[in-house]
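Each of the two complexes below includes chain A, the first together with chain B, the second together with chain C.
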Partner chain A sequence: MSERQLLVGPFNRVEGDLEIKLDIRDGQVAAAYANSPLFRGFEMMLPGKDPRDALTLTPRICGICSVSQSAAAAFALAEASGARMPAQGALAAAILHGVENMADHVTHFHLFFMPDFARPAYAGRAWHDRAVQRFTALQGSAARATAEARARLFHIAGTLGGKWPHTLAIQPGGVTRAPAAQDRVRMLATLRSFRRYLEDGLFGAPVEAFAALTTIAELEAWETGDAGLFMAISADLGLHLSGFGPRRYLSFGAYPLEGGRAMAPGLWDNGAVTPYDATQITEDLSHAWMLGDTAHPTQGQTLPDEDMRESAYSWCKAPRLGGRVTEVGALARQAIDGHPLAQALAAEGSTRARIAGRLLEIARLQLLLEDWARALDPDARFMGDQPTVKAGTGAGLVEAARGSLGHWLRIEGGRIASYQIVAPTTWNFSPRDATGTPGPVEMALVGAEVAEGEETPLSVQHIVRSFDPCMVCTVH
Partner chain B sequence: MSQIETFYDVMRRQGITRRSFMKYCSLTAAALGLGPAFVPKIAHAMETKPRTPVIWVHGLECTCCSESFIRSAHPLAKDVVLSMISLDYDDTLMAAAGHQAEAALEETIEKYKGNYILAVEGNPPLNEDGMFCIVGGKPFVEQLRHAAKDAKAIISWGACASYGCVQAAKPNPTRAVPVHKVITDKPIIKVPGCPPIAEVMTGVITYMLTFDRLPELDRQGRPAMFYGQRIHDKCYRRPHFDAGQFVEEWDDENARKGYCLYKMGCKGPTTYNACSTVRWNEGVSFPIQSGHGCIGCSEDGFWDQGSFYNRVTDLTQFGVEKNADQIGLAAAGVVGGGIALHAAVSALKSAQKKTQDRKSAQEEV
Partner chain C sequence: MNLLWLQSAGCGGCTMSLLCAEDPNVFDLLTDAGIDLLWHPSISVETGAEVRRLLARIEAGEETLDVLCVEGSIVTGPKGTGRYHMLAGTGRPMLDWVRSLAPLARDVVAVGTCAAYGGVTSAGGNPAGAVGLAYDGKLKGGALPGDFRARSGRPVINVAGCPTHPDWVTETLLLLAEDRLAAEDLDPLGRPRFYADNLVHHACTKNEFYEYKASARELSEMGCMMEHLGCVGTQAHADCNIRPWNGSGSCTRGNYPCINCTAPEFEEPRHPFTETPTLAGIPIGLPSDMPKAWFMALASLSKAATPKRIDVNAHSDRLKIPPGAEKGGK
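Now for the complex of A and B:
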C-alpha cells in the first residue's frame, strides 16, 4: 500500500487561480481538497454604495461572465424596486447573455479542455495526431478558428452592449440600447456565420442534428467534427467512468422572457425534477477562512478570517441546497430543462457527461439565439420605468455559462446595506461543510487514477476542467 | 539575440499571408496615430527585429484584460498578439500546467534576462502578507517582484495594475495596490481601462518594437497617443451636448434620437481614453453608442468618485460659467476652439484634484 500527498496547481487555462490537494492511495485519489487562493472582497465594497452601482461593480468580479453578473445585479435591483423589463427588453438582455454563455462554452471546449489531449503523454493513441493538429494550445487549427469565431460573435455584444467585457447595457428596467432594424439584420448575419463555424468544426453536421440526440447510444455513435473526436477520445480513455459528482443538480432557469424562463428552473435529484426552494440555500463556513455562521445569503456576511485558521483550507464558502451538495452547470440546466439525452447524462454524472451536456447546450442555444434575434422588434420599447428605491430586498437568480448565479441584495436608506453573491464555481468547487461532506469537484476527484511519479495527473486535469471552473467568481 | 525569431517569422509559420501582414501594419499605424509613411517602418521592424519576449502574469483580477486582448480588431492582430505571449509565459492561455508552468516561467526569465517585457494583469494584495492571492503556493507579490527584477520594462495592463481598480475600491479589503507601488525601479507603462481596448494593447507592444523605445507617456504614465483626449472630445454625440440636447430617461424619445448622455451620468467629459475613436469589439461600438454613459474606467479611483449615475458636476465649457442644464439655450452654432477646451479641461481636472500632464499629450499629438 503506497500513500502520498500531492499539491496540484496552479492550473493554467483556468479563469483565476486554483490549487488542489490530493491524498493518493494505491494509485488513486482517496481524498481531494479544493482551495481557491484568490480573495478580493466584493461583498465588502458594495455596502454604502448607490444600489445602481452594483450594475457596474459586480461585473468586475469576472471578465468572462460579466454579463451574467450584470444580469443578476439588474434582476436583484428589479425585484427590490419593482421595475419590470418590457418583453423586448428582456429579449435583448437574453440575446446579450446568451451570446456570452455561448462564447464561454466554445472557449472552454476548444481552449481550456481539449488541449490536454494534445499532450505528449498521449502520443501513440489513435486519436492523438488529430488532437495535436486541432487543439495544441494557441496553435491548433480549432483553437485559432474559435478565437476568431468568438470575436465575431461578440459583435452582437458590441451592438447591444457597447463593449464586451464589462457591458453596461442591462438595467433593472430593460436595456439601454434599442436595436434598430439594421442591427437586427446584422445580428442575424453574425449568427449565421457562427452557425457555420459550429457546423464546420465542432459538430461536422447541422446543429439541429446534435440537438436532436436523445440517448447515450446515439451520442456514442456521433462521429463527425470535434464532437466526434471527443467521443472517440472519451471512449478510449473511459471518461464516462470517472469524475462522478453528487448527481444532484440545480438550475435557476436561464433567460427570463415574458412567457417565463427559456430554460426551465428546478432541482434534479435521482431522475426526478422538482421545483427548487431558494430559501433552502445556505452557505456553510466551517472549512472556509470566513467568520460567521452557516446562513442564507440574505443573512450572510463576508468577514475574512485573517488568521487563516488551521481547520479551514479555502477562501470559498460552501453553498448547500437543503443542506446537501449540489452541482450546477450546463449539464444541470439541460437535464432540468427536460432534454432526454441530458437526463441520461445527468444520471451518469461523469467527466464525459459534463462535456457532452455543454455541447448539447451549444447546439440548443444557437437555435434559441436565432429565434430571439428574429423576434426583435425595433419599434417596441426596450426599457420600462426604473423607480428609485430607498429600502427593499431583492434576489437576482440567473444562469451563467458555468451554472447558477445568485445575487442577494438589501437596500436601506437608499444605499446598499448588504450584498451576497453565490457563483456557479462556489457551488462546484466548494470545500467541505460542517458534516465533512466534500463539495462536487472534491467528490468527483475521488478514484481518479494517478500513475507512480505523476506530478500533474492527467486524470485530475480532465475531471477538474470538465466543470469549467471560474475561480475569480468562486470567491470574488 | 539572433536566436530569437522575428514576429514576421512567427506569423509566417502560422500561415499568415503577406497581404494580411501589411494590413496589420497599416491598421496599427493608424491606431497609433502615425501617418501612412510609418507603415513600411513598422513592417520592417516586424520583419527584422527579434520578437519582443513577453511574460504575462496575473494577480488579483478578473481576466477581462486577456479577454479583451484575444479579440483584437484585426484577426491578425490577435495572431500577432498570441504569438507575442504564447511562446513565453502566460498562465491563463498557455498549455503547460502545475510545476511545468512554474519551470517555464523560470526558463523564460533566464533566457531573456533583461530583455523581456513583463505584462502585469491584476495587482498584488498586501494585507496578511499577500495571502489573498496565492500563485503556486507563494503570494503573487513575490512572483511579481521576482519576474520584474530582470524585465526591461513593465506594462501595467488595465485599471487593476495601473490604479488598483475594483479590488482597491473602498474599503479595499485586501489592500490591493497598483504595480508601481511595489515595483519602483523599472519603467512602467500604464494602459488603464477596465478592460483596456484591445487595439491599444497591441499598439503599445508594436510601437515599442518598431521604435525601440517606450511610447510617449503623460504624467500619469499612460501612452499619450491613446490617452491624450477625452472620450467627450471625439464623441459622436458631442454635437448634442453642445446643443443642450440630453437624454432625460432611459429609452426616452431623446435616447432614440441619440442625444447626449451627460445627464444620465456619463463620465466622458472627464475620461481620457480612445473609446470614441478606436471603439470596441472590432470597432463595432462603445458604451455611449449603446445608450449607456461612460463610467470613466480608465481614470484613477473611478470606483470611489460617487455614483456612476450621478452627473459630472462643475463642468464648464467654452469658458462660459454655465452648466449643461443652462447651456443648451445659448449653445446653438458655437464651435469649440482647442485652446478654450484645454482651459476647461484644466479647470475640471484641478477641480477633481487629479494631476494630468496636458502638455506632453499636446506635443505628442
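Now for the complex of A and C:
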C-alpha cells in the first residue's frame, strides 16, 4: 500500500486561481481538498453605498460571468424597489445574458477543457492527432476559430450592452439601450454566423440534431464534429466512469421573461424534480477562513479569519441546500428543465455528463437566442420606472454559465446594509462542512486514477475542469 | 519576445476582453508577432508543477524574462502578509512573487486598473489591502516601489481600464516587441499615450446633445449624461468612442455613463456612479481644462438655444425627430 500527498497548483484554465490538495492511496485519489486561495471582500465593500452602485461594482467580481453578476444585482434591486422590466426589456436582458453564457460555454470547451487531450501524454491514442490539430493550446484550429467566433458573437453585447465585460446596461427596470430595427437584423445575422461556426466545427451537424438527442445511447453514437471527437476520447478514457458528484442538482431557472423563466427552476434529486426552497440555503463556515456561524445569506456576514486557522483550508464558504451538498451548472439546468438526455446524464453524474450537458445547452441556447432576437420589437419600451428605495430586501437569483448565482441585498436608510453573494463555484468547489462532508468537486475527485510519478494528474485535471470552475466568483 | 502573464486580485476580465481581439484573433496576433507566451493562466496548457518549474527557472536566472504582465491588484492583507492571495501550489503570496519577478523582467505591464492602481478591488474600505504594482490609488508606490524601473529602465506600463480594450493590450505588446515604447510615450500616470491622450468625450455620439446641454434625466434617454447621470467622459482618458468596443459599442453608446475607469480611484467617486453631484444645480465635475464661469455662460446660452429636435430626442429612448424634419429653431 503506497500513500502520498500532492499539491496541485497553480491550477490553470479555470477562471482565477485554484489549489487542490490530494491524498493518494494505491494509485487513486483517496481524499481531495479544494482551496480557493484568493480573498477580495466584495461583500465588505458594498455596505454603506448607494444601492445603485451594486450595478457597477458587482459585475466586476468576475470578468467571465460579468453579465450574470449584473443581472443578479439588477433583479435583487428590482425586488427591493418594486421595479419591473417591461417584457421587451427582459427579452433584451436575456439576449445579453444568453450571449455571455454561450461565449463562456465555447470558451470552456475549446480553450479550457479540451487542450489537455492534446498533451504528449496521450500520444498514440487513436484520436490524439485530431486532438492536437484541433485543441493544442494557443494554436489548435478549433482554438483559433473559437476566439474569432466568440469575438463576433460579443458584437451583440456591444450593440445591446455597450461593451463586454462589465456592462451597466441591465437595470432593475429594463435595459438602457433600445435596439432599433437594423440592430435586430444585425444581431440575427451575427447569430446565423455563430450557428455556422457551431455546425461546421463543434457539432458537424445541425444544432437541432444535437438538441434532439434523447438517450445516452444516441449520444454515444454521435460521431461528427468536435462533439464526436470528445465522445471518442471519452469512450477511450472512460470519462463516464469518473468524476461522480453528489448527483443532487439545483437550478434557479434561467432567463426570466414575461411568461416565466425560459429554463425551469428546481431541485433534481434521485431522478425527481421538485421546487427548490431558497430559504433552505445556508453557508457553513467550518472549514473556511471565515468567522461566524452557519447562516442563510440574508443573515450571513463576511468576516475573514486573518489568522487563517489550521482547521480551515479555503476562503470559500460552504453552501448547502437543506444541509446537503448540491451541484450546479449546465447539466443541472438542462436536467431540471426536463431534457431527457440531460436527465439520463444527471443520473450518471460523471465527467462526461458535465461536458455533454454543456454541449446540449449550447445547442438549445442557440435556438433560444435566435427566437429571442427574432421576437425583439424595436417599437417597444425597453425600460420601465426605476423607483428609488430607502428600505427593503431583495434576492436576485440567476443562472451563470457555470450554475446558480444568488445576490441577497438589504437596504436601510437608502444605503446598502448587507450584501451576500453565493456563486456557482461556491457551491461546486465548497470545502467540507461541519459534518465533514466534502463539497462536489472534492467528492468527484475521490477514486481518480493517479499514475506513478504523476505530479499533476491528468484525471484530476479533467474532473476539475469538467465543472467549469470560476474561482474569482467563488470567494468574491 | 517572451511573456509571462500572472493574475492576482482581479476579475480576469482583462483577459476575457483580450480574447475579444479581432483582425487577427489574439492567438494569431501574438504568434505572428513573435510573442512567445511562456505561460498564461487562462489559455496555456501548463498547470501545477510545470508552472512552478517555469517560475523557478525564471527566478534562478535560467530563463530570461522579457515581459511580465500582471492582471489584477496585489493584495497586501491580512496585516501586510499578502496571504489573501497565496499563489496556488507555491506557498508564497503573490505579493512576494511579483516583488521577486518584476526586477527580472525587461518590462512590466500592469494590465487593467486593478494592476495599475488597485482598482475595484480596493473599493469600499479596501478589505484585502489591494494595491497596484507601482501605485496605491493616486499615490506612487504599490506592491513595487514608486520609482521602480524594469531592466529596460522603463517604469511599470499601466494599461489601465476596467476592463482593458483588447487593442490597448495588444498594441502595447506589439510596440514592446519592436522596442518602440519609450518613457515619453507614457502619460504622467504611466498609461500608454496612444490611447490615453484621447478623451472618452472625443467622438462621443452624444456630442450634439452635449453642445446644447440637452441632458438625459433617466438611463435609457438619448441625451448627454454629464449633467445628471454621472458621466465623466469629458475628463476620462481613453479612446473608447474613437475605437469602439465589441464591434460598435461603448459605455456611452450603451446609454450609461462613462465612469472614468482608466483613472486611479475611479472606484470611489464619492457619489453614486450614475448620479452627477451638483452644487446649487451646477455639476461639480466640469471638464478639467475649461474655465467654470465660461462653461456656465455657454451652457445657459446653449440650453436656451436648443432646437426642438435635440430637446425631444434627448429625452427619448430612440430618435423621435430626424435632422431636417423641423423648420427653424424652437
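In the analysis below, the second predicted complex is superposed on the first by the 476 of 476 C-alpha atoms of A that agree within 3 Å, B and C clash if a C-alpha of one lies under 4 Å from a C-alpha of the other, contacts with A are read in each partner's own complex, and residues count from 1 in each chain.
To be clear about the criterion, a residue touches a chain if its C-beta (ideal position, glycine included) is under 8 Å from a C-beta of that chain, and two chains touch if they have at least 3 such contacts.
Given the structure is predicted, the values throughout are model-derived calculations rather than measurements.
Novice: With everything superposed onto chain A, say whether chain B and chain C fit together or clash.
Specialist: Once chain A is superposed (C-alpha atoms), there is a clash between chain B and chain C.
Novice: By the touch definition at the top of the document, which applies to A:18: first (chain B), second (chain C), both, or neither?
Specialist: It touches chain C, and chain B stays clear.
Novice: For A:292, decide between first (touching chain B), second (touching chain C), both and neither.
Specialist: The answer is neither, since A:292 touches no partner chain.
Novice: With both complexes superposed on chain A, which partner does A:322 reach: first (chain B), second (chain C), both or neither?
Specialist: Neither partner.
Novice: Which holds for A:82: it touches chain B only (first), chain C only (second), both, or neither?
Specialist: neither
Novice: With the two complexes superposed on chain A, say which partner A:63 touches: chain B (first), chain C (second), both, or neither.
Specialist: So A:63 meets both chain B and chain C here.
Novice: Touch test for A:177: chain B only (first), chain C only (second), both, or neither?
Specialist: It touches chain B and chain C both.
Novice: Does chain B (first) or chain C (second) touch A:169, or do both, or does neither?
Specialist: The answer is both, since A:169 touches chain B and chain C.
Novice: Tell me the contact category for A:447 with respect to chain B and chain C: first, second, both or neither.
Specialist: neither
Novice: If you lay the two complexes on top of each other, which residues of chain A touch chain B in one and chain C in the other?
Specialist: 7-13, 15-17, 19, 37-41, 44-45, 48-50, 52-53, 55-57, 60-64, 66, 111, 115, 118-119, 136-139, 144, 147-148, 150-152, 154-155, 157-169, 171, 174-178, 304, 306, 308, 315, 381-383, 386, 455-456, 461, 472
Novice: Could you pull out which chain C residues touch chain A in their complex?
Specialist: Those residues of chain C that touch chain A are 7-17, 19-22, 25-28, 30-31, 37, 39-52, 75, 77-79, 83-90, 120-121, 123-128, 130, 162-163, 218-220, 240, 244-257, 259, 267, 272-275, 317-318.
Novice: Mind pulling up the chain A residues that touch chain B in the complex?
Specialist: Listed in rising order, the residues of chain A that touch chain B are 7-17, 19, 37-42, 44-45, 48-50, 52-53, 55-57, 60-64, 66, 111, 115, 118-119, 136-139, 144, 147-148, 150-152, 154-155, 157-169, 171, 173-178, 304, 306, 308, 315, 381-383, 386, 455-456, 461, 472.
Novice: Which positions of chain A touch chain C when the two form their complex?
Specialist: My answer: residues 7-13, 15-19, 35, 37-41, 44-50, 52-53, 55-57, 60-64, 66, 107, 111-112, 115-116, 118-119, 136-139, 143-144, 147-148, 150-152, 154-155, 157-169, 171, 174-178, 180, 304, 306-308, 315, 378, 381-383, 386, 455-456, 461, 472.
Novice: Residue numbers of chain B touching chain A in their complex, please.
Specialist: It is residues 14, 58, 60-68, 70-72, 75, 78-79, 82, 86, 91-102, 125, 127-128, 131-137, 165-167, 169-174, 176, 194-195, 250-251, 255-256, 275, 280-282, 284-292, 295, 297, 303, 306-310 of chain B that touch chain A.
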